[in-house]
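Down below are the structures I want you to see.
One chain, subunit A, appears in both complexes that follow, with subunit B as partner in the first and subunit C in the second.
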Partner chain A sequence: MKTFILSLFITLTLSASAINHHQIKIIEKIFSEISISTELKIWSDNKKLLSELKKCTKFITVENPKDATMIILEDRDNLSKEVLSKSIFVLNYNLLSKIPKSFGALFWKKGRPNIVIIKPRIETQSIEISQALHPYLEERVW
Partner chain B sequence: MVKKKELFLFFSLLLLGIFLIYTYNYIKEAKHEIFVKIEKDKIQQIANIFDNLKRATLIHHNIKNAKELTLFLSDKRKRDEQEKKLSFLLSSNLKYIYVLTKDEKGRFRFLLDASKIDKANFYQKFDVKNPKYNLLYQTKEPQIIKQKDMENLQLTYLHPIIINNKVVAILSVDITDNLQNNILELIQPLETFFIILIIFIFLLISMTIIQVLHYFFTRKKIFTDPLTGLYNRNYLQEILPMLKLQHYSIAMLDLDRFKVINDTYGHKTGDFVLSQSSTIFKNSIRDSDILIRYGGEEFLLFIYNRDNKISTFEICERIRKNVESFSFHFDEDEINVSVSIGIHENPSLEKNVNEAIKVADAMLYVAKNEGRNRVIQYSENRQKHTQTKDINYVKLALQENRVICFYQPIYNHQTGEIYKYESLVRIKDKSEKIISPMEFLPELKHTNIHYKLTQRILSIVFDAFRDNSLSVSINLNFSDFINQDIEDTIVNELSNNRDLASRVTFEILESDEIDNIALLKEKIDTLRSLGSKISIDDFGSGYSNFRTVLDMDANYLKIDGSLIKNIDKNEKDFQVVKSIINFAKEAQMKTIAEFVHSQEVYDKLLTIDVDYLQGYYIAQPSEKILQKEELF
Partner chain C sequence: MKYLLLLLFTSSFLFSQNIMLDDLLKEYEDSESLYKKTKQESAGFLIVYSRDDLERMQAYSLADILKTIRMYSMQVNNMGRTSIFQAGAGKASSPPIKLYIDDFEISTVIQRNAFDMYGDMDLYFVDHIEIYQGASSIAFGNEPGSMVVRLYSKDPNRENSRSLQVGLDSQNSLEIRAVDAGKVEGYNYLLYASGIKKESDKYRSNNHQLSRDGKRYQTHFRVSKDDNFRVDFDTIFNYNDIFGGFGTAPLGDEIQRSYGYLNIIKYFPNDIEFSISASQESKELSNSDEIGIKLVDGKLTKSIHIRIKSNTYKSSLKKRFINDNSDLLIGAEFQRKTFNLQDYSGLNSLQDFKNDRLDIYMLYLEELYNINPEHLVTVSAKFDYYDNVFLKNSKEHSVKLGYTALWSKAWQSKLFAINKYVYPTLFQTSFSAPNYNINPDLKSMDINIFGSEIQYNQQKNKIIFGLAYKEMRNALSFDKVHKKYINNSQKKDFVRYYLRGEYNFDIDNKISTEIFKIFKEVYSSPTSGGMIQLFNRFGKFDIYNELIYRKGYTLNFGDGDIDIADGYDYSVAISYLVNHQLKIKLKAENLLDKASESLVNSQTLLKIPTIERRAVITMEYTF
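Entry: the complex of A and B
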């Protein structure tokens, strides 16, 4: 647990300088601690993120959002109807409010990386998280 | 020893380098601290303003703890009001101002955020991992976090909000690095200048180190004689300024008849003898003594005399005995080697070390003259007899016509007549005291003054004997013989006065200086063509090369005084003299025995058919030309 938090924190801290690269690393860590009821197939509207995740052997990525079981969303405009039923992880805190289906977010606040996972939403969507992510659980979106 | 100036330069550069590094580090440190120092005042101002705000808000609304504060700020209108007040503090350097509180799980949450950009929602979680956030809660003291790699943030200032002596929230101010960047930009040229200066200084230090190392690596070659492994004269020059003469005695050592060894056995043998002798010298002295190869076969020894266990004379005598007793064998040849040593026990009494060396050298000269293989120590009494006069002394004597000649009769014991006179140079000093040639001739060797002196002697002798019928011997050494001016003086005088020429004998010292027999023979022939005679002086004294003697085709052979003086007591000397006389007869040369100082010697010489006799027993040298009635 401690090791995870430390490594995550180091990654988070480092991510501030080269956000794209480290954002990917943090997301990889977050998703390696998450499990959903079906096979994890990731799609993202951030093409760079998707191509990086593709290189990672731990995850299955898909080109078509329809085939995905997990959506990583950066821009709300890219949210089509067909993905509304899927689990959504956002890259902007405000999207948590705007997209009720979204269960978590990774975003930068005052230069620091922040993670929020909304507890009621993961429970509704049968998303399980490991102990390592518990410090980031929130009951609601503020 | 490394030269002082090199060491001084090295240490100066090192100190300068250290100083520059220190200054550079100071600037580097200051570069980081200066921003904190500049911002500190600003932060203090913010803290003061915030304290006022806090009092106005918290006290006014009677807020007693974190819960009540959160509740109070949960009202958007009140929050906006407080945020508006805080936002006045924002500037280009103060990017974010916000208030955090800790929830029941210990997570930090926004209560207020007066930032213009990237504004957080009320009670939104804020992931901070720096331990100073929690430290503030423990210490209740403001904290400063130096940020690294976080947007363009440089510092985060944390100010505690305390109610009832309990921290209820944190005022957090994020300060950008804009100011620092400006400062750094200004400092950069100075920093670059220091870096260049430091590099330059270290290049100089490296060069000095290389020079010093080079000096150490090459000093052995510079200061050591490759043949003997001893120090050479370069080393002497190096140590002279530091040498405390009062702690040392000086000895001059010279291998006897070394030229004979070289000529007889070859240079390889000569080198062997030098090398072996050097080893013997080294083994005979102590670590505290300094031995230097001064010249070809000449050595200079500084004997440390602060240790009174053994005297200077004893050390030198030990060297002499060790050389004498050592059996020198090279290529199946056994070589007899001996060493003569002159000592000056108190060199510090002299003006400088060169003067002291001259005294030791004069003692060496005495040792050579007294028969070699001996140690002669300088003493006041001896000094009286051997005190050397410099060239200027002789030059002045020449100018003031104080160079004179003494004449010593050479006696024909068969006829009872004076056969001829030997002319002997003297200088009359200003107090009419007669100065012996031993006191000034060594200084003149190979100098122009020596030739001028010889010319003067020739002139005096020619004047003294031109108008009488007496015969005279004049001493010349080889270098005189081959000097054109001297030859001209002789030829000019004698070619016009054949009578005088026939009464003049030139005595040549048969010495190791003669290195060109053909030239010598040519000069002898010139003199002989004038009608003069040739005598070989000091035969048997050392360099007794029979072949050379025969080549010179001399009329007389003068047997060296060292063989004569003890002939009445020393059977070996007697036998040697007898052999020389026989050799001379075979070569059709007349013999002259010098140093006849007693009747015993005189009587002994009469038994072996020597032709002529000379010495104090017969007559002392005199300025006046003595008559036969004045003999004995």
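Entry: the complex of A and C
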């Protein structure tokens, strides 16, 4: 009942942190096209995202960043030393510049979602990507 | 025309091959479109232009959108301004159309309506536009209007960028706009500024040149913190050549207009919202005429100078109660409108213009009640008290009943019954142009509307049919004999309908068509019209085709009939995304040079195209 009211008739203000299932599908697609030298174990500071990824049988998710091999980072404040040694994918474009270790991002800019993978950074970190991600390769942060 | 339609339809079948991840991104963008979170289906018959629509249409000014709205048409007046009128209504009409920028209503005291000032405002900071016809939600907190146009600014959380856009058109106009938006230390901000030098075709009247060239400067600033507060500040300055002015042989003067507002909203827990705002508008014009300007008493004056200023202050408090089946909004608002006539020289006999002040006290409630998951009832009521220092006080009220139903996945219907009023403007009661009289005895107009809309939705297509009956008592109409607005004692009524079809070929390609007609006894502008809009995307190219039709009509000024021909306004917009930073755009307006014409002067019978033929090239750079 409430869902009907909210979805159709009432001004609805969703919080910016709410997870959209399209966003989950995109992240799943990106990580299914990536391979790293070790087994892919994902941790994220976005708990809703981590919970959704846990439902996906394709990936292993971990509760402790120490156990992860891949970090999906939304907030720079959650950047600890142990996280810095891992492969980092960010959800905010500015973090790509601020965290030199980060190799890619899914972010909103100019009202649109974008994907960027930084070519020199994946080469340095021996991250391999499939053909599907090639259109999103960039030489540098733009 | 045949070839044009052929081109419109054949190009829609050429689709580009998309990469799957790109499709997911587009679906993500579409699902997160802001209009899906702000639109209120229950508030009326809704037209939405999403951000993607606006960008692909290359809608640079609000006029680019207003000209497409069903049941309305655009016309140029003797001051060179392009204004919007209800189908069939003449230029002396004063349609009570409301304009909102986010949560702030641009309410004017010294203009006919807000569109005289903001009708050609720049849209570079706007994310999407919602247009409510027939009925507007009392929850908007406004004085009642026949149509509500709501502009929503870009969300800083989604912008995270600085961008600059420069445009040059075939008339030599120059347009520069910039937006910077993002988040800093938990605060969202948006900064926008634009400067536009607009040049237009020149015309001649009694061997004098008519020019409506002008300059416009606009800024918009917003700072907010999620669920805490929001501050908006906006200014607009217009400097325009006076075109024909009040006479027929203008000597080339200027009209200056400005508007600025500050709006502060504080959000409290438990769905309580408090807002306070202040706005100021001013207008100054000099008009010298070689032959002379005809005044109300029939005498001529060689020149007129008007300087007027107005302030509006508003404060409102709203509380929302949401339970399982019910969403109840209760609110109160206070408005004070003042105007100060600083100079009105050039009149032979002084009219009794007075500095004026109007206070409005409003109480309103709106209940949205779900009978069951498929049926929603809306009940709204609003009580207003007008305390006028110059005119007599009055009590007014509006009520609205609405019923929205989902009969199946495909069928949806809306029904509205509305009783509302339109209060005369200070422009009609307390201050006037030199060629008509004020009427302090004007009463508000009573309006009853019965409207219905049926929607048929399938996965790719949508068909909408709307039918409405409107009756007016004490209608505010212009009396040509006494040269003033009067309350017409005869009941006026009319019926109108529209039919709209939309088809989505895929996520990038769609077509929409629309027709409307209004059945009225007397008319002074197009009574029917139609539109075709075609959106296509081929790789990095966006192509938009638009054809707007407005039926011709006949005007009678007592000296014979003047025919205004059918209008066909065909525009094309093409943009190419060079790289992440650079986008190049080309737009051609009124390509056929057959857009509707406006009669700008009933004495000289000068007719000019409402939309001029022009091409504009624009470059947009994102930092």
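Simple rule for what comes next: the second predicted complex is superposed on the first by the 123 of 142 C-alpha atoms of A that agree within 3 Å, B and C clash if a C-alpha of one lies under 4 Å from a C-alpha of the other, contacts with A are read in each partner's own complex, and residues count from 1 in each chain.
Assume a contact is a pair of C-beta atoms (placed from the backbone, for glycine too) under 8 Å apart; a residue touches a chain by one contact, two chains touch by 3 or more.
Computed from a prediction, not measured in an experiment: that's the story for all the values here.
Once the two complexes are overlaid on the shared chain, A:Leu84 sits clear of subunit B and of subunit C alike. Residue contacts after overlaying the shared chain place A:Ile115 against subunit B and subunit C alike.
Of the two partner chains placed by the overlay, only subunit C lies in contact with A:His22; subunit B stays clear of it. Between subunit B and subunit C, more residues of subunit A are touched by C.
Residues 9, 12-14, 16, 93, 108-115, 135-136, 142 of subunit A lie at the contact with subunit B in one complex and at the contact with subunit C in the other.
Every residue of subunit C that touches subunit A in the complex is listed here, in rising order: 19-22, 24-25, 27-29, 31-32, 37-38, 40-42, 51, 127, 154-155, 157-161, 163, 226, 324-325, 327, 368, 370, 372-374, 376, 404, 406, 580-581, 622.
Every residue of subunit A that touches subunit C in the complex is listed here, in rising order: 1-2, 4-5, 8-16, 20, 22-23, 25-26, 29-30, 92-94, 107-115, 132-133, 135-136, 142.
Within the complex, the subunit B residues that touch subunit A are 96, 98, 107, 109, 115, 118, 120-129, 147, 149-151, 153, 174.
On the side of subunit A, the complex with subunit B involves touching residues 9, 12-14, 16-17, 93, 108-116, 135-136, 138, 142.
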